[in-house]
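Alright, structures below, take your time with them.
Two complexes follow with chain A in common, the first pairing it with chain B and the second with chain C.
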Partner chain A sequence: MANKPYQEALVPGAFKWIAGLALFILLVPIFVVFLAGLNSGDFLTFPPEGLSLRWIKAFFESDSYLPAYLYSLIIALTAMVISLILGTLISLLLVRSAFAGRALLRAVVMSPIMLPGIVIGLSLYLFYISFDIGLARTQAGLVIGHVLVTCPYVIGMVSAALVGFDRSLEEAARSLGASRWETFRKITIPLISPALIAGGVFAFIVSFGQFDVSLFLTPPNNTPLPIALYTSLRYTFEPTAAAAGIFAIFLVVVSMVITAKITNLRRITAANYN
Partner chain B sequence: MQDTQENRRLWLLATPGLLFFLIFFLIPVSALFLISFDKSSTGIVDIRWMFDLGNYERFFSRAIYYEAALRSVGLAMLVSIIALFLGYPLAFLIAKTTDPARNTFLMILVLSAMQLDMVIRLFGLMVLMGDKGLINQAAAWAGWTDGTPIPLMYNFFGVVVGLVQFTLPFMILSLVGVIQGIHPSLEEAARSLGASRWKAFWKVTVPMSMPGILSGMLLVFALAISSYVVPTLMGGWKVVVLPIHIFQQISELAKWQFGATVAVIMFLISIAAMLVYQRSASRLAGGRI
Partner chain C sequence: MSNVSLKQLVKTYGSTTAVDDVSVDIAEGEFFSLLGPSGCGKSTTLRMIAGFESISSGEIELDGRGVSALPPEKRDIGFVFQNYAIFPHMNVFDNIAFGLRLRKFPAEDIKKRVTAALEQVGMSGLEARLQNEMSGGQQQRVALARVLVTEPRILLLDEPLSALDKNLREEMKFWIKNLQSNLGITTIYVTHDQGEALTMSDRIAVMKGGKIAQLGTPRDIYQRPKDVFVAKFIGESSLLQGKVTDASETGCTFTAAGQSFKAMMRPDLKVGDAAALVLRPEQVLVSDDAPGEDWNGASGTVTSISYQGATLRYELAVGDQTIISESAIGPDTPELANGQTVNVMWHVDHAWLLPV
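What follows is the complex of A and B.
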């Protein structure tokens, strides 16, 4: 766009103050978690006492937060892989085949993003029990719930990439003797890989921080991190929980930086929230 | 024909995913609806095809339930208005930031704040706003209070702050793309015809960002009305909303049918909000949608 410096000068002064306030509200709680996890005392005081790594150490020795963190990682990785496979195949159908009811199908598979997570979790829980299929409060049952809410992110991003895809490249590969699978692997996948990576990262992060869907589906012997943190937060403020939070913050920030490096962030948000 | 062959292949490849959504999404949600129409019987979880309205009568005849519904709706509306007023300026700033590095930095901040587990963010808010929290400690240290804490949470105010913190990034992301899409020459045209900066903003930029404002408010409403963690932790169980009733009916009282009823009602409120949104959106577009 033209007139670059002019554009920024257009932002009214009052807007800058409110924008600053909004950033403050967004970031201060995260900053406080950092302080609480690196604080040397038993709880955070004002003014702060001093920094130490004792709670970080306590996190690595913890028999509740560390296993919960690792369990969340496993669930998130599994949900991500399943979402990538199912989501990419659904996107191919949605973009490349014209049929009646295509818009409806797209609305159905995208709707778990907009529906209350607690309703999705409860529906699955009731379904598992009333049909007696042995999935209630199991790891598989939990992963299924997570795939439902992560798959739409993959579908949103991959189908957006497929819409702008030049199919003559695939035709060229085919006419040169490549099989369908070879064409898909060597032409299609590399060309949509930014969308696959972005969709995968989003699926991973949404699953890793998922509370609502997990509420009714968590297995009794294994707890994902958000549920473990919630349970402890109901009774007390443990600095070890804040230390676990610090590692979760790292994971999220790294994921978002990776996504920003490989794709246009604005396109991602357009694909999912507009 | 090659096209039909290609079509068949696409359908075949998508089948596992489509079956997944059918079995684990459409059937369970339908089951939830059916169970909500079964007679309430503690401990029994099964679809009994009763088509009984008893649970719904109970919901709308008992004050604790319908008042919770009204409270949930009011809270979600209030939060979506506050999130709009706080989020629009930041979204505007991001949209008008042309330096790519600064722009990406701001987007990463917003996205990270959005994607971080809400329970972790609530930990920070609670350490900040509790009776012995940092704000109260700082106020006492500075001599502004005589040691009696300012009640910042375990009340309605705390829930509103928590929900605004939760939903603000979604509002900002809904707005950035739309504001970015408004061509700057439109505002310049208004200015060159003599409109003041504010007038140009209100008469040109705001109306043109209406689609983003509506979709952002809808998203925030849907997120706020269905949040369970924020009201329980920030409200200390004192601000009772629909998700709290759902959890209590299911996990504490084993009243599955009634729990399903409350969930269906919350679900229908979200759908109703979506319909209102679509109507206003199509009116804005002059009936083109």
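What follows is the complex of A and C.
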């Protein structure tokens, strides 16, 4: 009998089982929300009584869920853009300059991911009202809260990319005639773009699903989706909430797919020349 | 094409002085090398010329005009990095076109120039390659094409061959030298490899501890090293330790290992000074015959013989000192044996003394 050549397994079998189990446990709730949102019954139950699009329709007609969804989308996009800009600048400062207190600054800007969101929300709220700077329960005040917790993700990603960055690429661009800004735009940004995309997606997702920070900061006339879900589920137990959940999941999946597409596209365009 | 002047250039990092009062004038079209051991300040000097490092004091002039206030992009200098620094997110074409696009050349023109530059470096047809799809030698050529296409005033190269394997290094050495002399571009070349510096350069500055230890043509530096450091750094040599015992207008007498030799005098030595005679292995002959006129001869004993392929290498004991001789193996190469007493000879023109 011919012997099968010995081959080291790339991943030990036990790891595969553990990973599979973890994935299963993570995906089950998503599956449950999905089916609950397509329920044809009157209540948020699982397993669903039957399948229908009635709650999806209700989501689109609802005067609380759809606006909340769109509002969360706007807040998340705003927080993402601000975090990307601020986070990149802070990363540059942290990685590329040497000054006393750099480690302290780093600890301070990264701390919001370690602190409970509710604490951040509450402290900001107290800060807003005690100094009466007109930010309490405003959209700007809410965005500030979100940026506090989303910015560290961008900083983490972008500083890691900058630490490993080969400065001679920038120097090469400079001596070929590029100004500081042109070099930043044409060399630095494209080369750290995977970190920017990853950081941006993180920021977006964290802001979109943010409940803790939003709780005290939400403006009276507009409610982000997680708060809206919480408030309405306290009084009614409608499958519209699950339908909204489907759209939230959908958004995350879309942003992941776009990310993958952009990174691929970059690879394709780099190989193209005129 | 430009000339370059470094005037009392100094660079300090905190308490360390990386470059210490370096002054040199480099002529238009010259191939100039900065040669020295690791950490002697070669790269720092080059990077100050390019504008990547600020200068602590002194001045850098291109064509007589100070450039130390100009940012790198205003200096019109081509810089080739040790790791080539090919932009990984652009293909070869875009890498080379980078400088031309910044200068707002029309697309047609860019295409023409990039194509010509690729041809010049023997990389035609590889426009679409990415950095990770090229060998070190190819990246090297792209890096050169990328700077040459912008027609810089001077070309700076920081150890461009050190990442290549030995064969490719030999090939690229001559290729770069040829390209440089065809273009006639003023070039400053940084290396710690004395072989590279000797074959490629018009002049070499040997650096040590941030200072220029010796400045001269490859011949000067090899045959007339200024001190023991330069003699040991460039090529192989045996140093015969002794004393200047007599001097005349034409030369001097040098006594070592109980024997006297004729040597060339240098102004910084006088009778009675301790000195060392530098002997390059290929300039030392071993023979049974007596030395001729203008030749020095010492009686020595063969202590070791090694076969090197093209040459034979002898270690010879002269008194309590050792001289190395290396000679090409030819039809009449004498067969010597260990322990044999021979005449060790070298021409007076090769009898160069060093202060010790």
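Observations
Methods note: the second predicted complex is superposed on the first by the 223 of 274 C-alpha atoms of A that agree within 3 Å, B and C clash if a C-alpha of one lies under 4 Å from a C-alpha of the other, contacts with A are read in each partner's own complex, and residues count from 1 in each chain.
In the analysis below, a residue touches a chain if its C-beta (ideal position, glycine included) is under 8 Å from a C-beta of that chain, and two chains touch if they have at least 3 such contacts.
If you're wondering where the values come from, they're calculated on a predicted model, not measured in any experiment.
Of the two partner chains, chain C is the only one that A:L191 touches; chain B does not reach it.
Once the two complexes are overlaid on the shared chain, A:I90 sits against chain B while remaining clear of chain C.
Of the two partner chains placed by superposition, A:I262 touches none, neither chain B nor chain C.
Look at A:I205: by the touch rule set out above, it reaches chain B but stays clear of chain C. For chain A, the partner touching the most residues, choosing from chain B and chain C, is B.
When the two structures are aligned on the shared chain, A:L53 is found in touch with neither chain B nor chain C. Judged by the touch definition given at the top, the superposed model places A:I74 against neither chain B nor chain C. Judged by the touch definition given at the top, the superposed model places A:A172 against chain C, while chain B stays out of reach.
Overlaid on A, the two complexes show chain B and chain C touching the same residues of chain A, namely 180, 266, 270, 273-274. Partner chain A is touched in their complex by these residues of chain C: 50-52, 71-73, 75, 77-79, 81, 83, 85, 87-91, 93-94, 98-99, 102-103, 107, 111, 127-128, 130, 143, 146-147, 150.
Of all the residues in chain A, the ones that touch chain B in their complex are 1, 3-4, 6-8, 10-12, 14-19, 21-23, 25-33, 36, 43-47, 85-87, 89-90, 92-93, 96-97, 99, 105, 108-109, 112, 114-120, 122-127, 129-131, 144, 147-148, 151, 180, 202, 205-206, 208-209, 211-212, 215-216, 225-226, 229-230, 233-234, 237, 241-242, 245, 248-249, 252-253, 255-257, 259-260, 265-266, 269-270, 273-274. Within the complex, the chain A residues that touch chain C are 166, 168-169, 171-180, 182, 186-187, 190-191, 266, 270-274. Interface residues of chain B facing chain A in the complex, by the touch rule stated above, are 6-7, 9-11, 13-14, 16-18, 20-21, 24-29, 31-32, 35, 45-47, 85-87, 89-90, 92-93, 96-98, 104, 107-113, 115-128, 130, 132, 134, 137-138, 141, 164-165, 168-170, 172-174, 176-178, 180, 184, 187, 197-198, 201, 211-212, 215, 219, 222, 225-229, 232-233, 243, 246-247, 250-251, 256, 259-260, 263, 266-267, 270, 274.
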